[in-house]
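Next come two complexes, and both contain subunit A; in the first it sits with subunit B, in the second with subunit C.
Our next item is the complex of A and B:
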């Protein structure tokens, strides 16, 4: 028992150390960061956060990221829900192969799709738009969403669908009124995974945008200048990047536990 | 309303689930009786319109409804599993078919309360299905089916997952409920006793075929074939191969039985004789023919004892009143009542059946 708690404490220290370091740095001035090791800021300052939250060239990075992440989550869910329903309820030619093929989309690194996406979006005039990034991320999120949702949907007995038809429900009515409430935990878990992938993905988001839809992660590279690195500002931006993810996890934490228990995550 | 099946069959991926079935079902209670895998559920799903038949037509009141989707038919279905909408309260569950019909609020409220009180769940209307016991969940499902007032009500082994006491109680209540309706009610079960309790008429099914249809008591007393007798008998009918020559049946154990009464007309040849467990006895009955056998197993169920006996050429079950102890391998004498013997030909068709009148 004792050994286990020590191991846990050590684990948490290692886990939290980088986050502590980041928060610590974001509250310091650049002189203090560069002058030597201090475990707590000598003169705590919120100047770094102030800069980010007042300068549009900074905070628009967050806004852009949030726009395409939310777009992506909404598109992924609305496409994956009917697809997952089909996979869980109907048997059609090649259903198992298509289901597997969907997953293979996730097996290639995003860099593989970089050039085709770049060329395609240039040609279609989608370059540097939010929808461009959202659609590119769908390539990875839709298969995952279908996979997770199919697991949850297969846990709902088919007899419930049939009872609804016998009662006289039309399909859309049944789907929204009866079926979706039954898999809301699955929808929560799926939304979380789509959100997280899209939020942390850097390569596609950076390449497919220039100025109008520039994500926060590529804004952060701005801090490198001729005058050197603005460490404090960079750290503050990093702290703010963790916040949306932490919020989302907080809201879906109960669903997550259920999702893991059902074994499709 | 009447339901007519014209040669409906169902084949799935090359395997036959249902051989062509012809039947005319008038309003009233019809029991589908057959062992697991007999095709009861397949047939009911076709009747409801949940599956499409591979061949044949279904007529409601003379109208072809074969291709009509289930939501446009007047059908209600109760599953063996307790199927309710988990996210809706009991009240909303029962009300859902009525709301979809566009009935006004007050009428729905009245109807739901009326049906709920019939099934004794009126105090549970605010709960969610997951907060109910199994019996209450199934009552909710039945209430939803009854509330709809469908012209075709299908119940697929509705009581099988309930405990014994509850099953007996619900069975009696359901029978009373069905009697008051002008609908075609189809009730499937694997248990002959349940079929007899429900009454009405029966369709005996076995391996995807309807073997015999008719009033329940009549089918029970006059099974058309060995298969029907086996399905419609619990424990299954005891069978033995006999040779009939010159008005005498020769049993494998050397028993020679002069044939009289309903068996008197049998021509010479090989037969299989059948007799129900309750027409056998282990206690001496003067004047009755008997066979020597050994006890294999004694199974006490309630106030009855089912003694499994073995002798060369037969494995029988004897039903005895009361609780009796029997040692394994104990030699016993089995007395049989020749007036209760059925005779089946080599093709399985019935050749002679006992006259009715002296009880099951």
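Our next item is the complex of A and C:
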């Protein structure tokens, strides 16, 4: 038992060291970063964070990312909920095929879709809008949401549906008022996964935007300039991208394990 | 669970079908268009048949990228799956320690991929990065920007850092689903920890492990952002994986025909493998539940 805990602690050190280094760098001046290795910032400074939080061309990157991530989570959940219900309760023509087809989209490498996506959204006049990125991310988030929700819904006894229909509830009324509250935890976990995958994905987001909906990822490449790399600023931007994820994870920490176990993902 | 036969259920699935089809089928058709034609402008296009496929399949760069990709995915699975199982077994089961361990474990998964790349690009540098500095301080010469082997190792360690937590979380969830009665029965029989693992924990984790293998294989097969940020595919072509190769041709050289042909080959590989995995998964899944 002792050996196990030691191994775990060693792993967590390995896990946290690179993150520590990023935080450490974000609190230093460029001079100190380049002048040699220091384990703690000699003169801690918040100047890097100050730059990011006061310059709109920086902080709008975060706002843009958050907008499309939230849009994507809402769209994914609202289309996946009824579909997951259908998969968990009914047999219909082609149900297994559609399920497999959804799976293949989860597996499609985004690199394959880059160029056609660019042309499609350009043709639709949606290029450089938040909704374009949100829709593109549906490619992998909607299948994911369907699977996780289907797992949770299959855990709800069918007698509940039948009783509700006997009592004279219409389908929409039953679904929203009775069924959804029963799988609250499942909806929370699914929202977390959609948020997470949309937040970390950058290849599509970068391809589909130029200025108006530019995600923070693209903004970060700005730190390379003629004067060389602005490491401190880059590190501070990196630290700030970890914050939303860390906050979300804290809220769903007790359900996270369940989402992994029950879903088909 | 026996389900009711009802084709009206299609109406419930329709929104999902439409929204995914827009993002999946139309771009896929565009790729197919490019793969079989030489397109100069929308009015000026020529049917070239399988020409792109032939030239691409004979291309040594593609062979190199494919081999690197398979070796990489294989190495990743070989390290991350056993390590993930071991760590999941070591995780505390309940209490505040369990919460803390879960949150810490999930942290790397929530970092945007290019930031993961940035973190390791800096961390592994010999002059300003703690990791690179430590390795050199131990007396091992290490510089990932010029040494192909070091570049490879950096990418592998980074991927282990980034994705092992996913395997851990999956296995952890599988372990928590084992009823206490199983462990009590094993204790009464005087089973050794190894026997408990081999005959109780491992069989019970089979479902989640299969998913973990599937996800890790697919995701490592699609890896792009992290190595691109860290090494840009270099030094030389040492870390040019399949998707980096593809993007180089599509965006870098604007060779849409060959790029589309590679895309289709790429997609077919993944489709075949996911079909195999899916069948294995569902078959094992039914065996598990029965």
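General remarks:
Note that in this section the second predicted complex is superposed on the first by the 260 of 265 C-alpha atoms of A that agree within 3 Å, B and C clash if a C-alpha of one lies under 4 Å from a C-alpha of the other, contacts with A are read in each partner's own complex, and residues count from 1 in each chain.
Assume a contact is a pair of C-beta atoms (placed from the backbone, for glycine too) under 8 Å apart; a residue touches a chain by one contact, two chains touch by 3 or more.
Owing to the predicted nature of the structure, the values given are computational and were not obtained by experimental measurement.
Taking subunit B and subunit C in turn and counting the residues of subunit A each one touches, the greater count comes from C. Once the two complexes are overlaid on the shared chain, A:46 sits clear of subunit B and of subunit C alike. Of the two partner chains placed by superposition, only subunit B is touched by A:178; subunit C is not.
Once chain A of one complex is fitted onto chain A of the other, the partner contacts of A:16 are limited to subunit C, with no touch recorded for subunit B. By the document's definition of touching, of the two partners only subunit C reaches A:93; subunit B does not. Annotation: subunit A has no residue touching subunit B in one complex and subunit C in the other. Against subunit A, in their complex, subunit B makes its touches with residues 48, 50, 69-71, 75-77, 79, 81, 83-88, 96-97, 100-101, 144, 148.
The touching residues of subunit A, counted against subunit B in their complex, run 157, 159-160, 162-170, 178, 181-182. Across the complex, subunit C meets subunit A through its residues 1, 3-10, 12-13, 15-17, 19-20, 22-24, 26-28, 30-31, 86-87, 89-91, 99, 101-115, 118-120, 122-123, 127-131, 133, 161, 165, 169-170, 172-174, 176-177, 208, 211, 215, 218, 221-222, 224-225, 242-243, 246-247, 250-251, 256, 259, 263, 266-267, 270-271, 274-275, 278.
For subunit A in complex with subunit C, the touching residues are 4-5, 7-8, 11-12, 14-19, 21-22, 25, 33-34, 37, 39, 75, 78-80, 82-83, 85-87, 89-93, 95, 98, 100, 102-117, 119-120, 135-136, 138-139, 142-143, 146, 154, 158, 196, 199-203, 216-217, 220, 231, 234-235, 238, 241-242, 245-246, 248-250, 253-254, 256-261, 264-265.
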